[in-house]
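Next, two complexes with chain A in common: one pairs it with chain B, the other with chain C.
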Partner chain A sequence: MHIPDGFLDLHICAITYLATIIFLVFAFKRAREVIDEKHIPLMATLTAMFFAAQMMNYPIIGGTTAHLLGGPILAITLGPYAGLISMTIILLIQALLFGDGGIITLGANIWNMGIIGVFIPYIICLLILKIKNSKNALMIGIFLAAFIGDVLAAIFAGLELGLSTLTFPYSVPIAVTAMGLHHSIIGIGEGIVTIIIISIILKVRPDLMNIPKIAPKWMGELKISTMR
Partner chain B sequence: MSRMVIVGIIIAILFVFIGTFWLYESTETFDKIAELFGAEEQSIYQAPFPDYEIPGFEGNKIVNIAIGITSTLLILGVTFIVGKALRVRKVKR
Partner chain C sequence: MIKELLKAFEDLVYLERYPLLNGYLQKIDPRIKLFATAILIIVIVSTLKITPLLLLLITIISFTIVSKIPLKNFLIRVTIFIPIFAGIITLPLPFITPGLILTSFSIAGFSLNLTYEGVYKMILFTFRVWLSIAYLILLILTTKFTNMLYAMRRLKFPQIFIMLTSITYRFIFTFINESYRMILARESRITSKQRRLDIMRDLGNIIGTLFIRAYERGERVYFAMVSRGYSGEIKSINKLKIHVRDVIFLILTILICAVTILLNYLMVI
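What follows is the complex of A and B.
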């Protein structure tokens, strides 16, 4: 889902850069207030792991491949602001060193994968746990969070593509439908892997799920370590 | 270094090996759709290691693994530095 340079109109790039910078300012501000020694190794380890995980491409439909994004796990374990910072580091290094995603489109890529792909899963998980606070609800919440987060990130990418009328002479519905359909398959994979990884963390190191989340104050805490 | 970080690095290196030897074919949906729509990439910047390869050593699995591991450790280091910098600023406050 890394959009290269030349695929989006400049005004779309400018809008997404601006929106992304605003989120990043809030993320760094909040991280400075909340971050402690427990966050740093976990954040660094998960960021490195998901960078490596993005190198594995598995086949899906129509001869295309997909890879994990990792945003949902980052959001659920560390909080969405920390997830955004982690995804920004990944996307920046991918663009600068490997040409994976453009420089002008970096704002759009961070918006799609680092904001939509991170905040939406966190919000969905919070909402589901508000409705029912149990381990089964958590697992359903994690799956839905990862699935919807992935699909929405793809839909945003399609939207940006469709609105780039100077580059793509096609309408928004075509681009959004194509991206959304393909990424619903990817979303199922992301959902399953997210459940597996969170379950392993809950079994092996439940304390890691208990560290304060780096999230907007108004969103509240996602507390899942003591769930039965 | 904590056990968690070491286990994380080992898993990440495992991902690099899997991504180098088995799951390396990449045809992202986005590229396919762009191709269908006739969009072309217009790079304004030449990355030093395009497509995770060193120019002149394309397809060399050993080099690919070295790049994968080095860049994973780079990401680990950069995130540690960002985290520490944020923590220092918190302590100062």
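What follows is the complex of A and C.
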């Protein structure tokens, strides 16, 4: 899912950088309003933890393995803006410390995994809880959110690759189908693991779900700490 | 599960060693290096012929040598994984691209034409990906991450972002270590081959527990920071200054980029 340098055309990189920076400006503006200095170390340790969590592989179909993309769980626990900030940090460290992903494709990677992969799951969860506010609905919502979020992020990655006609040798339909199919399998795994993580937190420390969620004002907050 | 984490440790040991060497690129200001790497990669991505890229290949090999990074190690590290992946996904290209036919042969009734244009496209794509990754890895191997963060701070990234990133960076190792211990404990209790769903359940439980521990650690870290005088701002005694050698390095890089762009216009292939 991390697109390395050399896979995307320059104008695609520029467009995705611009779109990402606009979102980030709003995210930091809102973050400054919502959190105080107490939450900075907290958010940092949680980001470090999700970084480690992304490294653990689990088997999916056949001999292939997948790892958590982490967008849905970040969205549900920290809120979309905070999730975007966390994801940006994770991707930046992965690029500048481990060489996963690239510098000029960083904008595209943040767009796919930090904006599409975080905002879409949050919105889906909110909508489903608006229809029915119960624990079962929440679990279904989390699964759908994680699945759709992953697949959409992959489809965007495929689109960016396919539209890079100068550098990437395959067309949009091939790239989108390959990425979408692969990640629809990964998405099921992500859905199951995210449900398990949320249910264990709700069982052991439901109060942790009250971490202030940094979300756009019009979106409203996801309240799940009282569900048992 | 455990292999990935061990690989991360290995990577980090490897990464921590080279930025401390007394080589040429290690002495360059991190801001300049970040900028130079970005424009070099932009030039690589916009070059659509192989010959100009050879100049950039010579450049990176010389940079690696003057920075005292073992060349063989470096080349292996750059080549494994992503460039090999790029090579594999472009394997069908020589056969599906129309153009001058080099050879044709038939397998099980299908006739395949190996075209010159296809082979060229495949080599160009893989080479370009390889070079981009090589320049990124050279930047990583010659710059300490804390210096990179300091450079970003001077480049006016939001302060809250720099602070979050630097604390995150320091705790990544703690949490990789913690996950490693939890997974090791789990593996040592397993006696038989597990079903897929069981593995996912255990993984979910491990991450859930890690989340709770991370939350509790975050609170402790905050109190530890407050007791050491934290008030929500970063202060650093690290000072960066642009020296003459930084300017020379920047001019050199821009010259190389200019020659590459020129060659891209002049050369046929």
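Note that in this section the second predicted complex is superposed on the first by the 209 of 228 C-alpha atoms of A that agree within 3 Å, B and C clash if a C-alpha of one lies under 4 Å from a C-alpha of the other, contacts with A are read in each partner's own complex, and residues count from 1 in each chain.
The criterion applied here is as follows: a residue touches a chain if its C-beta (ideal position, glycine included) is under 8 Å from a C-beta of that chain, and two chains touch if they have at least 3 such contacts.
As the structure is a prediction and not an experimental result, all values here were calculated from the model.
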(message) Output check: A:Arg205 vs chain B and chain C. Expected answer is one of first, second, both, neither. What do you get?
(response) both
(message) Quick one: is A:Met56 in contact with chain B, with chain C, with both, or with neither? Answer first, second, both or neither.
(response) both
(message) In the overlaid three-chain picture, which partner chain does A:Leu46 touch, first (chain B) or second (chain C), both, or neither?
(response) both
(message) Going by the contact rule set out at the top, does A:Val193 touch chain B (first), chain C (second), both, or neither?
(response) second
(request) Identify the partner contact of A:Leu18: answer first if only chain B is touched, second if only chain C is, both if each is, neither if none is. (result) neither
(message) Quick check on the superposed pair: does A:Lys38 touch chain B, chain C, both, or neither? Answer first, second, both or neither.
(response) second
(request) For A:Leu127, select first, second, both or neither according to whether it touches chain B, chain C, the two together, or no partner. (result) neither
(message) Applying the document's definition of touch, where does A:Leu166 land relative to chain B and chain C: first, second, both, or neither?
(response) second
(request) Mind sorting out which residues of chain A both chain B and chain C touch, each in its own complex? (result) 4-7, 28, 31-32, 36-37, 40-49, 51-53, 55-60, 67, 85, 89-90, 93, 95-99, 102-104, 167-170, 205, 208
(message) Could you list, by residue number, the parts of chain B that touch chain A in their complex?
(response) 2, 4-5, 8-9, 11-13, 15-16, 18-20, 23-30, 32-34, 36-37, 39-52, 68, 71-80, 82-84, 86-87, 89-90, 93
(request) Under the touch definition given earlier, write down the residues of chain C that touch chain A in their complex. (result) 1, 3-5, 8, 11, 15, 34, 37-38, 41-42, 44-46, 48, 82, 86, 89-90, 93, 121-122, 125, 128-133, 136-137, 139-140, 145, 148, 158, 160-161, 163-165, 167-172, 174-176, 178-179, 183, 196-197, 199-201, 203-215, 217-219, 221-222, 225, 230-232
(request) Report the residues of chain A in contact with chain B in the complex, numbered from low to high. (result) 1-7, 28, 31-33, 35-37, 39-49, 51-53, 55-60, 62-67, 85-86, 89-90, 93, 95-100, 102-104, 154, 157-158, 161, 167-170, 175, 178-179, 182-183, 186, 205, 208
(message) Show me the residue ranges of chain A that touch chain C in the complex, using the header's touch definition.
(response) 4-10, 13, 28, 31-32, 36-38, 40-49, 51-53, 55-60, 67-68, 73, 77, 85, 88-90, 92-93, 95-99, 102-104, 166-170, 189, 192-201, 204-205, 208, 211
